[in-house]
Amino acid sequence: MTTLASLIDDLVAANRILAGLGVVDGFGHVSVRHPERAGCYLLSRSHAPELVKSDDIMIFDLQSVAQDGDTRTPYLERFIHGKIYARRPDVISVVHSHAATIVPFAASSVPLRPIYHMSSFLSAGAPVFEIREKFGMTDMLIRNNAQGDALAEKLDGSATVLMRGHGYCAVGSSIPEAVFRAYYAQVNAELQQRAMALGGGVNYLTDEEAAKYDETNRGVLGRPWALWKQKFAPAT
Amino acid sequence: MTTLASLIDDLVAANRILAGLGVVDGFGHVSVRHPERAGCYLLSRSHAPELVKSDDIMIFDLQSVAQDGDTRTPYLERFIHGKIYARRPDVISVVHSHAATIVPFAASSVPLRPIYHMSSFLSAGAPVFEIREKFGMTDMLIRNNAQGDALAEKLDGSATVLMRGHGYCAVGSSIPEAVFRAYYAQVNAELQQRAMALGGGVNYLTDEEAAKYDETNRGVLGRPWALWKQKFAPAT
Amino acid sequence: MTTLASLIDDLVAANRILAGLGVVDGFGHVSVRHPERAGCYLLSRSHAPELVKSDDIMIFDLQSVAQDGDTRTPYLERFIHGKIYARRPDVISVVHSHAATIVPFAASSVPLRPIYHMSSFLSAGAPVFEIREKFGMTDMLIRNNAQGDALAEKLDGSATVLMRGHGYCAVGSSIPEAVFRAYYAQVNAELQQRAMALGGGVNYLTDEEAAKYDETNRGVLGRPWALWKQKFAPAT
Amino acid sequence: MTTLASLIDDLVAANRILAGLGVVDGFGHVSVRHPERAGCYLLSRSHAPELVKSDDIMIFDLQSVAQDGDTRTPYLERFIHGKIYARRPDVISVVHSHAATIVPFAASSVPLRPIYHMSSFLSAGAPVFEIREKFGMTDMLIRNNAQGDALAEKLDGSATVLMRGHGYCAVGSSIPEAVFRAYYAQVNAELQQRAMALGGGVNYLTDEEAAKYDETNRGVLGRPWALWKQKFAPAT
């Protein structure tokens, strides 16, 4: 398989994995930077992630304009992806989701913090994007490049950005890493909420502990990815 | 397929989707306004939603009297449907459910409020129907037209009405919209409960944000509906 | 099928339904009064409910002695069943479970109360059996007739009895009713816990509302039972 | 089947059971003391538990050095197993997991306590291992024999040890007992959290009650184990 074909295969798998893990439902999307065309990324046409096939993948430039005359209906919020790739050369893959455990943190004044090593990437910050600040009353969606850019600015150097009244995004240096972060960010939300509810003190990871595990995680990421692919996106 | 046959197909699908999503269990029901016979609606005979087939669908007038001499056992609470259709010409479909996350709000003094765009329809209000007010001590069911009418009056212009000690109803201008609202109303209950439990401030959608997304949602509703049909009610 | 064969069929189905609904796991059991032999009841040999077949069913007298020379290993806690049947002539079926949402109430000073019609049977009381009162330090199990009798005495006229540090029992005038109550008692525990956590006032069913629905429920119980049988114990 | 082959069969089953029960996901592992080679234990190569087959099992000595020239990639944290076997001659099997309900207790000042008989083994203590105490800022993993030894020292005579910012371990005198304890420790965490959230007093098992049930449990452990094997690791 060529690099491109293999990457599209992983992107389709990521759609199904995120659905299988309950990170996305009928909404949510995942993209990857184009490996051969600079300034382009790959993202499904507007479709439920669980149903995405390789034929559904479209190519967009960083202004999120569909390439090659593709006229299929794109996701309204594709600007999330284009603008994050534009601002963050290190980012190779982006996930956007409304996962149930994160939305409460996105609406709350309580910040998301890493409670165990699996979500150590949260120590880089989990800022909350308030769309009202720059855009006033909207339908909450990231519908254009100005909004996408503001979101990417809020993300800054973090691995995740929460979106008030909406959901969150997770980014990574590969598809497996972005999926891993999207999944464990929402697991962390559940665990942190439980720990806070116990009423005692809660001991979070320090930045140093988190940074050390982040490094380790690159070496073991292939293990859950292999499991997820086999469970949710088996080769047919 | 004729419009009627296709609508019955969707109604059967809605029954299975609501069961598949955990919105209904052995109880709960969903109806649609009859597309050809004014003053009539379609609803299954008394049967668990997950088992409903097209043969189970009965026709009722807005007094919830079975039509065409159909003598099969109807749901005790069919009056919910008849009276909502009578009062709300804009309503095409009605769901009634006892979903686990909503019942606590129906019993509580804490109101349900939209915490994210998916449940923006809650900004039209989620009033709580207290059957004791007009009917004193009952078995909690909507057993006649007077009770159905009181419930419809409480619903008023909202998309949902909660029922103390019982459950809730969601309405829509199509089957997919009513199902969408029944599903995301109970997701919102879970998310709001989690956000409140965090103990910080909670930032809900404003009415203006909610109204804007409501408009947007009409354009994207087909996406989860297509997924749900394929997952829970595949064509055989 | 004879009455006995058909009842054993339902008892096997009840085992699988309770496992399918998550009310029991590797532990828990369900029995039925013998329809032909006075002073006897039917209960599986010691076996995980999900695996029970008709061949596993044993006959016990109300002292919980195995009949007809059956030497297979019985459940240690069969005395629960014998003594409830001895004290409660109206009871035809008994379920014992460790369901996750009930154990917290069994350990807590907060009483379980009916939050909606489906669990109206709780208004007859959900007393908590404290085995320490009469038996001091034990292994928590109901291991003999004296303990079974004390539990039955605590149950008294209720539909359920909670067991501190252990679980609960639900009884009914038929297998479907006992299963229904075992299931909705633990649903109610989840809903009540959620309602209390909201922090506002909680409005429970009055005894009169509960009694009225209890009556209604007898007429509609067949609906979830038909669904559960088809889902979890389909005829082969 | 020889003892060794049968034990490997059970070890593979344990991997699949722990995944099926949600105790482990892509991470976590389970080992057993070698039945024939003193000072050795059996553990899968680095692999997601749900995918482990008998061919994946490696042999390690108590310094966690792979035996017989096996050069496959081992789990980074195999030192957990080696050092627990070294310090605890009574331990035959060890499970390590990041289960969702335990991590909050591992991060909290609130101790885990047995709320019902199924988790009576917690009365021997559920100490929390704080890796910072001896090792300062780490990546949270047990990466060497010194760390494994410190963890085993904290475990001491208990059946479980929690690991701050990480997860926990459960040990047993057989594979089924270690799996049972890993499973019910995390069930207990859920139940205790719920009981505490009710806001009333919570009545835990006394040490004497717990010790008595621990004894009883040895006789009934085969029942859930048979169920789990049949559900999650059926003979092919």
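Just so it is clear, A, B, C and D label the chains in written order, and each chain counts residues from 1 on its own.
Going forward, a contact is a pair of C-beta atoms (placed from the backbone, for glycine too) under 8 Å apart; a residue touches a chain by one contact, two chains touch by 3 or more.
All figures in this text were calculated on a predicted structure; none of them were measured in a lab.
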Any chain in contact with chain A as well as chain D: none
Rotation angle superposing chain C onto its copy chain D by C-alpha atoms, nearest 5 degrees: 90
Rounded Å distance between chain A and chain B, as computed from the means of their C-alpha atoms: 32
Approximate Å spacing (C-alpha centroids) for the pair chain B, chain D: 46
Chain D residues counted as touching two or more neighbouring chains: 197
Of chain B, residues touching chain C in the complex: 25-27, 46-48, 50-51, 76, 98, 100-101, 103-110, 137-141, 164-167, 193, 196-197
Chain D contact footprint on chain A (complex, rising order): 115-118, 120, 187, 190-192, 194-195, 197-206, 208-209, 212-213, 215-216, 220, 223-228, 230-231
